[in-house]
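The following pair of complexes shares a single chain, chain A, combined with chain B in the former and chain C in the latter.
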Partner chain A sequence: MERRILGYGGMRHLAVFLLPATLVLGIVLVYPVLYDTFISFFHYSLLMKYLNRWVGLDNYIQMLTSRSFWYAAWISGYFTVVSVGGELVIGLFTALMLNRKFHGRAFVRSLVILPWALPTVVNGVMWRWIYDGNFGILNGVLYRLGLISHYHSWLASPFTALNMIILADIWKNWGFFTIVLLGALQTIPDSYFEAAKIDGSGFWYTLWHITIPLLKPAILVSLVMRITQAFQVFDIVYMITQGGPANGTQTLSYYIFYNAFQRLQFGSAATISVLMTGVTLVFALILIKIMYSEVEYM
Partner chain B sequence: MRRNSFGLYLGAVVTSVVILLPFYWEFVSAISPMSELISTPPHLFPEHPTMGNFISLFTGKGESMGVAIFLSALKNSFGIAAVTTAICVAIGSLAAYALARFKPRFEKSYLKGVLVLSMFPPIALSIAMYAFTIRLGIYDTWWALILVYSSFTLPYVIWMMHGFFLTIPKEIEEAALIDGATPYGVFLKVVLPMSVNGLATTATFSFLTAWDEFMFALILTSSPRAKTVTVAISEFVTHHMMNFGLMMAGGVVAALPPLLIGIIFQKWLIKGLTSGAIK
Partner chain C sequence: MRRLVGILVVLSLLVVMGTSLAAAKVTIRVISSDDFAPFRKSVIPAFEKLYPNIKVDFSSVGYDNLLQKELTALSADRSAYDVIDVDCIWVSEYVDMGILEPLDGYVPPSERSKIIKSLRDTFTYKGHLYVMPMFHDALFFYYNVDMLKKAGLSRPPKTWDEFVKYSKIIQQKKVAPYGSIWGWSQNEGLICYYGALLHGFGGKFFESGKPAFNKGGGLKALQWMVDSIYKWKVVDPNSITATDRDILHSLASGRVPFGFEWSFAWGVFEDPKQSKVKGKIRVGLVPSNVKGLPSATTTGPMGLSITSGSKHKAAAWKFINFLASKKNQIKQSVEYGAMPIWKSLYKSPAVLKHHPEFGVMVEQLKYAFNRPQVPYYTEFSHILQVALQKALTKKMTPKAALDEAAKKIAGLKR
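After this line comes the complex of A and B, so read on.
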């Protein structure tokens, strides 16, 4: 137990130090969630305010029984699992690679951070141009290599478009896992791996039974962080497909955006927001549980 | 052993190519004239490189909406990110310092609460903040975005600086307190000068995330006086016939500050990224 430092001046000073930040956090994070919860019980439109009225749980019933809500939820879920899964696997292997010594390692290591530093919006337009059906480089290269016999419209069918967005997202974000896991790998003493080598264990055995268990806390924390972000994906969808075609890339965030700012149905948008915030809360509690139990592993 | 290092180099080359190709294509497209962009097969090397796209980006010589506002959008992005960073680093460090040094009973719960709040979906916040900024009369101004951006910047600053303050020795502060300094004086004159490293890492990271932000800017701005560069780029895509050369040029300009920071301050960035996951 740390000694409390009374010399700092006690409660009065503490309050002064904490007040500005707490006030701002209250306005930008607590108030919006309360507001959402409140208006989720109303038929609430910004256009015709005189029609706004209390509807109880109607919004929730309507959402939970609507196909488009579950479709958006499925798209967000699929996006999260495939994107983050891909990023973790690629990120782990590049981290293992960069943990070995070779010429040019510093160069590759500084490259890895670049896609991550690229603004999401720029990443979006860049891939939209790469995927362009008529003049995009993807068609051009694949065609020249003889891998496709005719130009494809990569963003024209819903499921392909969704996967193409995922590909662009993986390209941008796998570096996050590389950087975090490389950092964690460097804290593991070489002697662990040398011992494994002397015992004659192969690459996969060492990876599965030694490396991954040692990396577990770092993997779990970065995984939950990325899952939360991916579940809330909006920017890249807006830039590449704007939710189309046929709503096939309309994630939950996009669905809320559409309801709130295009249909101006704030009540329904708030309802989905509350549901989504609930799911996020579960992620957050898991993260806290992992972070504060980390001591056991170390 | 030999086979092993061959695999290693192969992996390194593949990784580098996968990362660099899209950047290369972005850059080449930005300096290519329209005629080369819409050719089949695509020109992998520009035959007549041109600065035309960059020039029309900044002079507004072009038909597109986005172009006319690009310069003001750059200014807005820069100003909003800088002010957000300054305010959040200031009030966030104050709070972090109080938690780390005064050791209130709720230190841990406060930090956990901040973490939980910071994970809430931004789109869920945007609904309330849209109505709120209109009522306050700050909709479509810098202040709307500065306020809303603190929803992700402030939690980050509090966590980072709390961790940082725990690592600096408190003997000097205690000596100053015994000499009769106030906690505010100690914070300003003793703690901050010792925290330049931590503050710089945190500020760099905050600036980048604010510079990159798109969704709030899309929702909370409607005119050139507050539209940010990310919104300007999105308008290239949505408003007009797509001029990809112009879009790529805009992308290059918008990506320049974060990429330069990424290269020059790589160590700080890596520290900022990993500190959450590795203790």
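After this line comes the complex of A and C, so read on.
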């Protein structure tokens, strides 16, 4: 049986063909993760190497009892929930709209993906200028529309700045949900919706009881992807607020950056990254478990 | 006979190869802050002409990224750069990390004594000179004389109380939306601005080795900063998110009359490509509320150093020496607004003539204070920055924020 599937040479050839990819993944993924976990047990200063020493779980204890760490964790959590939530809702409704036939639909569909194609750094710089307190167009437009009486400094207050960054992130990423959910929508036969309509089902009832359940696999897959990305957000924080004001936008990734490259404490930075990985892993496993139980029902 | 010829040929080839190796090009890698990079780049052709065997590979980054860039590159490879740009506040940390080459051998004592004493002291640590200063610097008080006149004011403010009063007049007469804009975002510049105000209110950073900024002048300074935005409304609230480089265009576009900037800003204000206020900017002494102290500001000189891991130390020194030479110091001053390192140049007519505000800037240097020279400066600065920001964003009162910072800083161990 093995011979029939794998052909001449069988397992040996398989091993050889898999070797390059395994090597690359090993060097680029496995080794750094293992080394990172390894340093998290040390006090590891980048340049003053004579201070480096084994500290066991000290870094973890210090981190888990540190207010800064939990504040950063709260900011990352809030960012993830609001940002991904917003993207999902907007993405879902746009997908529903783009599922209908209308003139220029193909054009609009291609426009939708443009923000997502923008590099995160470029997006960050762009929004920094949009939000600028003196020259930004957000102020300009709102002022001219009479919605604000004077220019606001959008990034000057910690919580407002965080929400503005979330807005910038939602703008960039909702196209992702649109594309994934649109693809999934198109696999649902029209007859389902026609039948529902005949039975007297309204828009919201159809959406909640038919469309969304059928989209569950697609929603869950895209959620896993976007949640892990949003939880690790760094670029946009670095470009717009550099973690400020008063650490109000300091996500966990930025906190790692601060520990590693400004305090030069690589041990602490490694600890945070291990903790983040742990949380993300657990979360992803839960979502995947839910997803697979759904698919079986299908 | 054939063998002899063969040997001669080989020998002559070796001689030719040997001489060409001796004349082989050496490339030195230089990393610099963006601020005076245009000047440094402009003199590279002259340098390479003078030393045809040395090629300069020059790169520059914004000041706020310079520390990280240098440390991460050098930690991976000690010879990643031959010449690095060093800020006055990094000297002790860099030396403790072992990345700087002592320069005592390159600068004989006779030459050293010709450099301004405070610069020498700033860049000397544990008895050795580690950084060759490239320019002296401090936060200067730049003001738009046109806007002052429009508001009916004949001179710039001398105290911080007058500063608020004059700003209000300017705002009431609708000459400008705000009297001033500052760079109070969470970065090193914030400490520089705070330091100027702290000393201008008679405060101290440390006293007998213990933090003293959370009382007296230090506390008054932060209260002034908070009140200037929220109570008197004379400072642009965007100051909380701006860096000292960001505010340049508010000043250069003539939007705001008062600003505190480094010496390089002069070059920006006088460059018609970047500024609409050429010829309208003057320099005044930074205000001070302390009786008997006409002014108080923060210093900010920078210099160049040879890395300890450099493989071309002699060539690196030649470049540093070239930039520090009197001829180039004059050029840097006249064309880019820098303050020279040599005492004698402060009497040079060439320097004094081309920079009309230079006299005031020299006077300002007499009232310039250094930031604390502690070995853990980066962490001290970060803790204080967050505390100042917490007060500026009204998350905590100035007293509570500074007390918290003082406690954390007192507990810093190395």
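Convention: the second predicted complex is superposed on the first by the 278 of 298 C-alpha atoms of A that agree within 3 Å, B and C clash if a C-alpha of one lies under 4 Å from a C-alpha of the other, contacts with A are read in each partner's own complex, and residues count from 1 in each chain.
The rule we apply is simple: contacts are C-beta pairs under 8 Å (C-beta built on N, C-alpha and C of every residue); 3 or more make two chains touch, one makes a residue touch a chain.
Remember, it's a predicted structure, so these values are computed and weren't measured experimentally.
Colleague: In the overlaid three-chain picture, which partner chain does A:M239 touch, first (chain B) or second (chain C), both, or neither?
Modeller: First partner only, chain B.
Colleague: Figure out whether A:P115 sits in contact with chain B (first) or chain C (second), or with both, or with neither.
Modeller: first
Colleague: Once the structures are superposed on A, label A:N134 by its partner contacts, choosing first (chain B), second (chain C), both or neither.
Modeller: both
Colleague: Which holds for A:T280: it touches chain B only (first), chain C only (second), both, or neither?
Modeller: first
Colleague: Please indicate which partner A:G104 is in contact with in the superposed arrangement: first for chain B, second for chain C, both, or neither.
Modeller: First partner only, chain B.
Colleague: See if chain A has more residues touched by chain B or by chain C, and give me that chain.
Modeller: Counting residues of chain A touched by each partner, the higher count goes to B.
Colleague: So in the superposed three-chain picture, is A:F261 touching just chain B, just chain C, both, or none of them (first/second/both/neither)?
Modeller: both
Colleague: Quick one: is A:H13 in contact with chain B, with chain C, with both, or with neither? Answer first, second, both or neither.
Modeller: A:H13: touches chain B, not chain C.
Colleague: I'd like to know which partner A:A72 touches here: chain B for first, chain C for second, both or neither.
Modeller: Neither chain B nor chain C is touched by A:A72.
Colleague: For A:P158, using the defined touch cut-off, is the partner it touches chain B, chain C, both, or neither? Pick first, second, both or neither.
Modeller: Second partner only.
Colleague: Would you tell me the residues on chain A in contact with chain B in one complex that are also in contact with chain C in the other?
Modeller: In the superposed arrangement, which is not itself an observed complex, chain A uses residues 46, 132, 134, 242, 261 for both chain B and chain C.
Colleague: Within their complex, state which residues of chain C touch chain A.
Modeller: Going by the criterion above, the answer is residues 67-68, 71-72, 74-75, 96-99, 185-187, 236-238, 240-241, 250, 255, 378-379, 382, 386, 389-390, 392-393, 395.
Colleague: Which of the residues in chain A end up touching chain C in this complex?
Modeller: Contact set of chain A toward chain C: 46-48, 132-134, 153, 155-158, 161, 241-248, 258, 261-264.
Colleague: Report the residues of chain A in contact with chain B in the complex, numbered from low to high.
Modeller: My answer: residues 2, 4-5, 7-10, 13-14, 16-18, 20-22, 24-25, 27-33, 35-36, 39, 46, 93-94, 97, 100, 102, 104-105, 107-108, 110-122, 125-130, 132, 134-137, 140, 143-144, 171, 176, 179-180, 183-184, 187, 217-218, 221-222, 225, 228, 231-232, 234-235, 238-239, 242, 252-253, 256-257, 260-261, 266, 269-270, 273-274, 276-277, 280-281, 283-285, 287-288, 294, 298.
Colleague: Under the touch definition given earlier, write down the residues of chain B that touch chain A in their complex.
Modeller: Answer in residue numbers: 5, 8-9, 11-12, 15-16, 18-20, 22-23, 25-26, 29, 37-42, 44, 91-92, 94-95, 97-99, 101-104, 110, 112, 114-132, 147-148, 150-151, 154-155, 158, 170, 174, 177-178, 182-184, 187, 208, 211-212, 214-215, 218-219, 230, 233-234, 236-238, 244, 247-248, 250-251, 254-255, 258-259, 261-263, 266, 269-270, 273-274, 276-279.
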